[in-house]
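A short worksheet on the structure shown next.
We call the chains A, B, C, D and E, going by the order they appear; numbering starts again at 1 in every chain.
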Amino acid sequence: APAKPAPAAKPAAPAAKAATAAAPAAASTPAKGGPLSGQTVRIAFMDPLSGPFANVGQNQLKSWQFAAEQLGNRAPSGVKFEVVGFDNKGSPQESLNTLKAATDQGFRYVVQGNGSGAGLAILDAVSKYNERNPGKELIYLNYAAVDPAMTNEKCDYWHFRLDADTSMKMEALTTFMKDQPQVKKVYLLNQNYSHGHQVAKYFKDGMKRKRPDVQIAGEDLHPIGQVKDFSPYVAKIKQSGADAIVTGNWGQDLTLLVKAMNDAGLKIPMYTYYAGVTGTPTALAAGGDSEVYVVAYGHANHTGELGKMGADFHKKFNDDYYTYATYNGIGLLNAAMAKAGSTEPSKVAKALEGMQVKSFAGDVTMRASDHQLQQSMFITKWQKAKKGEYSVENTGYTFVPIKQFDPYVSSTPTSCQMKRPSGA
Amino acid sequence: MTAPTSVSAARPPEGARAPSGGSVGANGFALELRDLRKSFGKTEIIRGANLAVRPGERVAVIGPNGAGKSTLFNLVSGRFEPTSGEVLLHGQRINGKKPFEINRLGLSRSFQITNIFPKLSVFENLRCGVLWSLGYRYTFLKFLADLDDANDRAEELLHMIRLDRKRDVLAMNLTYAEQRALEIGITIAGGAGVILLDEPTAGMSKSETKRFIDLIKEVTVGKTLLTVEHDMGVVFGLADKIAVVVYGEVIAFDTPEKVRANAKVQEAYLGSHVADAQVGTH
Amino acid sequence: MLKVENLHAFYGKSHVLHGVHFDVNPGEIVALLGRNGSGRSTTAKAIMGMVDCTGSVQWKGQQSLGKKPYEIAHLGIGYVPENRDIFPKLTVHQNLQLGEKRSGQKGRWSFEDMYTMFPRLKERQHTEAGVLSGGEQQMLTLCRTLMGDPDLIIIDEPTEGLAPKIVELVAEYLQRLKDKGVSVLLIEQKLTIAMAISDRALVMGHGSIVFQGTPDSLRADAYTRKEWLEV
Amino acid sequence: MEFFTIQLLNGISYGLLLFMLSSGLTLIFSMMGVLNFAHASFYMLGAYFAFTVAQFAGYFPALILAPLLVGVLGALFERLCLRRVHKYGHVAELLITFGLSFIILEMVQLVWGTSSVDYRVPALLSGPLFTLYGTQFPMYRGFMMLVALLMLVVIWLLLTRTRIGLVIQAALTHPETVEALGHNVPRVFMLVFGGGCALAALAGVIGGNAFVTEPGMAGAVGSVIFVVVVVGGMGSLAGAFVASLLIGVIQTFAVGIDTSLVSTLSTIGMEVGPDTFGYALWKLKISQIAPILPYLFLVLILVFRPKGLLGTREG
Amino acid sequence: MPVPGATAAPIPAHRGHGYYEFRPLNIGRWILWSLFAIILGVAPMVWTSSLAHTMLSQMGIAIIVCLSYNMLLGQGGMLSFGHAVYSGLGSFFAIHALNLVSKGQWPIPVSLLPIIGGLAGMFFAVLLGWVTTKKAATPFAMITLGVGELVFAMSLMFPEFFGGEGGVSGNRVAGPKPFGITFGPQIQLYYLIAIYTFVCTGLMFAFTRTPLGRMLNAVRDNPERVEFVGYDTQKVRYIAFIIAAFFAGISGGLAALNFEIVTSEVVSGYRSGAYLLFTFLGGATFFFGPIIGGVLMVLAFVLLSEVTKAWLLYLGLVFLFMVMYAPGGIASLIMMNLRVASFGRLRELWVSYLALAATAFLALLGAAGMIEMVYHIKLNPALGPELKFLGTTLNAHSVDSWFGCAFVLLTGIGLFELSRRAFKRQWGEIQSDIEKEIKRREALA
C-alpha cells in the first residue's frame, strides 16, 4: 500500500531553534573532514523533555547534542550531525506523534532511549513506516531502552541498540557476584512490571548456572512508583537473612529503598542497574553511606577523550555526562556513513551491521544478527570521591570501576530472526 | 438495555386519571397505616399511628410543629423505612419498598421544601414526571419528541397548572409560587391515585393561596389526597376529613366540624383565637 | 435609630426597590406588609448589605450602607432570613452557637433563654438541624439571630409553617423582645398577627412604601388594603 | 514476634506519616469541600522552600519559615482565584487547583531545576533513636511522628476550641446567612485554605529530606492522600487519623504476607495451574499488591459505607 | 442540556397527532450536521502533512471519548477520574482482536474492530459500574479514582494481557480488503475514524433526546425527586455509565487502529485527567462542548508541546483563567455570542472584540516572550543567550529584551483592561436589552 507522499506543509517550528546547538566543533577535534564533508545529518531525539522524567531527557538531549558537536564533522566520513529534540513525554503514543512530526520535517535518523515502552512503539512504527514508504527509510538508534525483546523476538532491521540489554547486564553482574564468596543469600526486590520481571528472571537463570549454591532468600515485586515507605520491605529482607540485594529499581523506588535501608541500619550490598541516573546520585548522597554497586557499560571516571568530554560537558552545562552511548552512537554512524559512502539510511543500516569501531573501553561491535552492540561492561561502586575522581552531581561521591568485563563475557544469545529488506 | 417490563407496574394513564381514586384495596381503603412506628436513634418520632383513608377522600393532616406529619409522609412514600407497623396502599403492604417502587404502585408526593429539577425547563420537568407511568422506563431507543402521549400529557399538565407561558423557562427561574405549582404538577404527572402534598401553600399570600387551593382541587378530582397544612383557611376549605397528628400519633380523624369542636385538638394545636381569626379572614 | 432614605436596590440589572423611605425607632415593632414580590425581603437584604443598592441607610446616626454584612451585624442589626437558612449539617446547638458573634459573649440572651422559649429545641439540641421539622427550623432561625444580641431585629416571615399555637407564641415573644429594648422590623404575610402586635405598619408595593401609619389607620384604610394587600 | 513488633512500629509510623501528608488536605477538603489537587504541590513547595531557607538559615528556621511562606501563597491563591470560582461549584474548584498544580510544577522546575536537590536531614536529627532487635529506628522518623501528632492536636483544637469549623461548614450551604450573623466568611475561608497549605508545606519540610526533594514528589503522594481523607470520612479529622493508621498498618503487614489465591485455593483442595483462566490474577501475592491496597480499601469502603469510616456526610 | 437547536421554538397552536410540523430549527440542525460532516470530510485535504493526518485522526478519537465522558460529567453530573479505564480496556481488546484477525483466526473486517473495543468497554462497565454508580458526587468520583488506580497498577503487573512495557502492537493491514481499502495509509484510516466520529456523535446526540437521556439530566439536578417519579437513580446512572463506556471503548478501539500499539498508559490516571480537563475546557454544559475539547486536547498535546517547552505552564495558566472567567468552557462563550447574534446585536461588538483580541495578543506576546526567555536561560544555558521567538531574536541576557517584553506586556495589560471595561459595559447593556426583549416577547406570547 503506497502511502501518499507527504508534502511537509507544517513549518518545522522547533527544529530551527535547537539546531543552533551544534556550535563549531571544538578545536581539539582530531582529523577534521572526510569524504562526506559538508553533508549534514539531522537526528531526531525523542524522549521526555517535559513532565516527571524531563530531568533525564533534558540531560540526554544535551549529551547527544554535545557528542554530535564534539565528534561530528571529522574523519572518517566528515559528516556533520545535528540533534533536534522532540518531546515524547515518555509516552508510547506521543512518541508516534513525534515520529510523524520528525518524518514530516525530513528527519531520517531517530534516537530514543528513555523507556522500553516508547522504544518498542518506535521500533514497531519505524518498521511499518519503512515497509510502507520504501526509499524513505528511517533508522532508529536505541541508546538506553533495555528490554531484551527488542533484539530478540521483536527485533527489527532498522533498530540498533547501543546500550546493553537487561540480560547482558545481568550476565556481567552474575559473573561478578559469583566471585563474591560472602554472597550466599540474595534478596530480589523489583518493580512489578516487565523490566522488574526480567531482572529477577535473568538473575535466577544466571545464578543457577554460575553459583547454584546461592539461595534466593526472598523475592518481591512491588507496584512501580507506589511505595512511599520501604521500611516494611527492609524488615522483610532483614528477616529473610539475606546478605545481598539485587534490584532493577530506578528513580524514587531505588532511592527510597536505599534510604530505608540506611535508616534501619541494614548494611548489606545492593546490586543495581540504575543508581547513576540523573537525580539518583544526589538522593543517594543525601541518604548517607551505603554499599551500592551498579552494572553498566561505562562509569564516571573514564580517562582519555571521553573523560575530557565529561569534564567539558560539566564545565559547559554544570551537569554530568553519563550517556556514553552517545559517544558510540555518533562514532558508529560516522564510520558507517563513511563505509556506505552515503548518508542514506538504507545504505547506512547495511553498513552498520557488523560494524566495529573503537570506543572508550576497547572496541565495540554492532552484532549483525540482532543489532545489539557488543561492548565491555563495568561493575562500579558508589563511594566518596577521592581527589581526582569525578564528583557525580557535585555530591562528593563517585562511581569507581571495580571490575571490567570484556564484551564476550556479557554477550548473550539471541533468538532474533532478522527480516532484512531484499537487497540488504 | 430496556428494563424488564413488569406488567403490573404499568398503569394506563387514562385509567389513572379517571375519577376512581385508584383501585380499591381488599378492605376498601386507598391508604392505611397500622400501628406505624419510627425511631431515629433513641427518639421515637412516630409512636403507633393508625389511619385509614378511603379512595377519593381529601384529608388534611394537621398537628403541632414537629409532631411527625412530614415524617409520616416520608414513611408512606418510602423515603424512610418504618421501624415497625404497616403501610398498606390499596391493601398492598409497601413498607420497606423504595420510593420509586411505591411511586410505581400509584402513590406520589410533593415536598415541603420545593424539590424540582432546577436546570430543566418547565415542560421537561413535567415530562420527567410523566414518563414512567406511560411505560417508557429506561429506554434510549425512542426519541422524546416522538412520544406523543407523553408530550400531550405534559402539555395538558402545563395547562392545568397554568404555566403555559413559562413552558420553556428553566424551572430555577420561576417565581416561588410558580415553582410550587410546578411541584404539584410533577406530583400529579404520573397519574397516581394517591397524592400526598406537604404544605403546598406555605409562603404564599392570601390571594395566591386561594387560587392555589382551587388549582389543587381541580387537579386532584377523583383522587385520594392527603395534605399537611397549618393554614386553617386552607384546611377547612379543602378537606373532607381532618387527621390530627400529635406526638407521632393520630389523635383524631374526623370531619372538619367535629375536629374543630374537639377539645383535645384545640388544646394541642389550634390555640383558640388565632384559628378563629384565620378562618375568619379567609 | 434606623433611618432608610431613598433606597434603590438591584438584582443584577433588574431594579427592585425604587426609593424606599422609612425609619424604625428604639423599642418599636414596625410591620412591613405587602404582596408577594413587592420587595419586602429585598428591603431587609438591602439593609443587611446583601444586595447592590444606593441611597442611605443610617443606623444610630451612622451610615451603614456599603458595609459588609458581617460589619452590619456587628453594629447590632440581626436578620432572620425568610427561607429558614438553617445549617443542615450542624446540630441545633451549633446553629445557635454560630448566632453568637463572639463565642461565649454575654448578651441579653443565653442558650437557656432560648431553650425555655422553645422547649422543642432543647429536646432536639443534639440533632442535625437539617432533619428538624419545618416549624422547628423556623424557631431555630429566630433563636440563632437572637443569640447575637441585636438592637434591631429584622424578621422575614417568621410564622410561615408554624402551627397556629406557635404563631401566637412567636407573637408573644416578639413583644417580649420589645420589652427588652429590642426594635423589630417584622415582615409578615399574616395580617392579623402583624396588626395585633405592631406599633406601626408600612405597606410596600412595587418597590416603594405606599402606606405608613398605625395598624388602626391601616385597618381603616380600605383602599390601601384592597389595592396593595389584596385581603 | 520480632518481625511483628518491628512491622507494627513501621506501620504506625507510616500511618502517622500519611496523616502528616494529608492533614492539610483533611482540613481543606473536609471543611471547605474543595478537592485541592494542588495539595501535593504545596507539599512540594514546602520542601523546596525549606531546602533553600535551610541553606541560609539552617533547618529549624526553615521549619517555621517555609510553611509560613507557603501558607501566605495559599491564602493569596484563595483570595485571587479560588474565591472567584467558588460559586461555580466543586468541579470548577477542583479544576482550578488542577491548573495550579501544573503551574507550581513548572515554576519549581524553573527555579530549582528538573532534578532532585540535595536536601538532607539535619545532623541533630539523624542517626537512630533506638535499636530494636538489631533494627534501628531512625530519630528523624520519631520526629515525624511527633510532628504528625502535634498537627492532629493543633487542628483538633482549631476545630473544637474555635468556631472556625462551624463557620465554614455553615458557610458551605448558606454563606450569606453566616455573614449576616456577623462572621467574616471570606476571611475565614482564606485563613483555612492558607492554613491547609501551610500544613502541606510543613509536611514537605519534613518529608522532603526524609524522602527525595524532586519535581516528581508531588505526583508521588498525589492520590494516596485523597484515599486517607475519603476513607476516614468527609468532615472527620478523627476519621482521617484512624484511616491513616489503618492504611499504614494494613499496608505494612500486607508486605509480609506471601500467600496468593493459588495457595489459598490449593489448601482447600482446588488446583490452579498456569493454564487456569486468569492465572496471573490468582497467583498474585498479597505482598505484591500491598502498596495499592489503599485503593482497594477506598473502593470497598465507599461501596459499603459511602460516608467513610467516621464520616458524617457524603460530600 | 441547552443544545444548539434545542432552544425553544414557539409551540404551534394545534398539536395534533399527525406530527406534520414544520419546525424551523430542524433546518438549522440539518445545516449544523451537514457542516460537521463536511468539515470531517474536507479537513485532511486542507491539512495534508502526515502529522496533520494523524492529528486529525486523533481528534476524531478524542471527540468521541470526550463526548462519552461528558455523558457522565455534563449530563449526569458524575465526575469521573477513571474514564480511561473503559477507553483503555477497549483499546486492549481491540488490538488483541486485531491480532487474531491478522492471524486469520477471526473473520472480522478491521473496520468493525472499534465495535469490539466498544463492547469490551461496555462489558467492564457492566462489571464495575454497579458499585461505581451506587452513589453520585464525591463517592462516585473517589470510586472511579480508586478503580482507575487499581486497573492501571494491574495493567503493569500482567504483561500476559497488557503486553508489559512495550504494550501490544498489531498491524491494521489485515483481513479482507474490500475495494482495496487496507487502512494502511493514514488517510484511509482517517476516513474510517471520521465516519465513526460522525455516527457516534450523532448517536450520542440522539441519546440526549431519549427518555433515559432526559432522566439522566434529572438525576444530575435532583436525584431525590427522580426517585419519587418512579425511576431508580442508580439504574439511570448505571445504564448511562455503560453507554458512556461503550462509546469510550469505541474510541479506544479506534485509537488501537490508529497507533497500532496499545500500552498501559491508555488506562492511566493521566489519561482520565486529560479527558476531564479538556471536556471541561470545551464546555460540559453544552452537547458540542466536548467536541471543541477533544480538538484542543490533541492540539495541546501534539502541537503546543512541540512549539514550546513551557507548554505545561501555558496549559496550567489557560485552565486557571478559563475556570475563573469562562467556567462554562469555550462552548459557553460561543453560545453567549450566538445568543447576542440571534438578537441581532453581535455586530455592535466586533470593534470591542478586535480591541480585546489585539490587546490580549499584545499582553500575551510580552508574557510569552519573558516565559520563553526564562525557559531558555534555564534549559539551554549553553546555547548562548539568544533565542528565536516568533520571528524575532530575543537575548535572554540583555536588559533590552526583558525591558521590551515587559513593556509590551504592561502596555498590553493596560490597554486590555481599558478595552475590557468598555466591553463589559457594552456587553451588560446588550444583555439587559435582551432580557427586556425576552420579557416583552413572553408578554406577547
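Quick note on the criterion: a residue touches a chain if its C-beta (ideal position, glycine included) is under 8 Å from a C-beta of that chain, and two chains touch if they have at least 3 such contacts.
Chain by chain, the UniProt names read as follows: B, C = ABC transporter ATP-binding protein; D, E = Branched-chain amino acid ABC transporter permease.
None of the values given here were measured: they were computed from a predicted structure.
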Number of hops, chain A to chain C, where each hop joins two touching chains: 2
Contact distance in steps, from chain A to chain B: 2
Chains contacting each of chain C and chain E, listed by label: B, D
Greatest separation from chain E - chain, by CA centre: C
Between B-C and D-E, the pair with more C-beta contacts: D-E
Where chain B and chain E are represented by their mean Cα positions, the distance between them in whole Å: 43
Separation of chain A from chain D, taking each centre as the mean of its C-alpha atoms, in whole Å: 36
Residue numbers of chain A (touch at least two other chains): 58, 192, 221, 223, 226
Per-residue overlap in chain D, given as positions that touch at least 2 other chains: 109, 113, 288-289, 292
In chain E, residues with contacts to at least two other chains: 153, 157, 312
Pairs of chains, among all present, that meet the touch criterion: A-D, A-E, B-C, B-E, C-D, C-E, D-E
Of all residues in chain A, those that touch chain E in their complex: 1-4, 6-10, 13-14, 16-17, 20-21, 49-51, 58, 62, 86-87, 89, 91-94, 96-98, 100-101, 103-104, 115-117, 119-121, 124-125, 128, 132, 147, 149-150, 154, 192-195, 197, 221, 223-224, 226, 316-317
Contact footprint of chain A on chain E as seen in their complex: 47-55, 58, 153, 156-157, 159, 164-167, 169, 171, 173, 182, 184-187, 255, 259-261, 263-266, 301-302, 305-307, 309, 311-312, 379-384, 387-388
Chain D residues touching chain C - in the complex, by the definition given at the top: 162-163, 166-167, 169-170, 172-174, 176-185, 235, 312-313
Complex interface listing, chain C residues touching chain D: 48, 50, 68-70, 72-74, 79, 81, 85, 87-90, 94-95, 97-99, 101, 103, 144-145, 148
Interfacial residue positions of chain B with respect to chain E in the complex: 1, 3, 77-78, 98-100, 103-104, 108-109, 111, 115-121, 124, 127-129, 131-133, 136-148, 150-152, 155, 165, 167-168, 186, 189-190
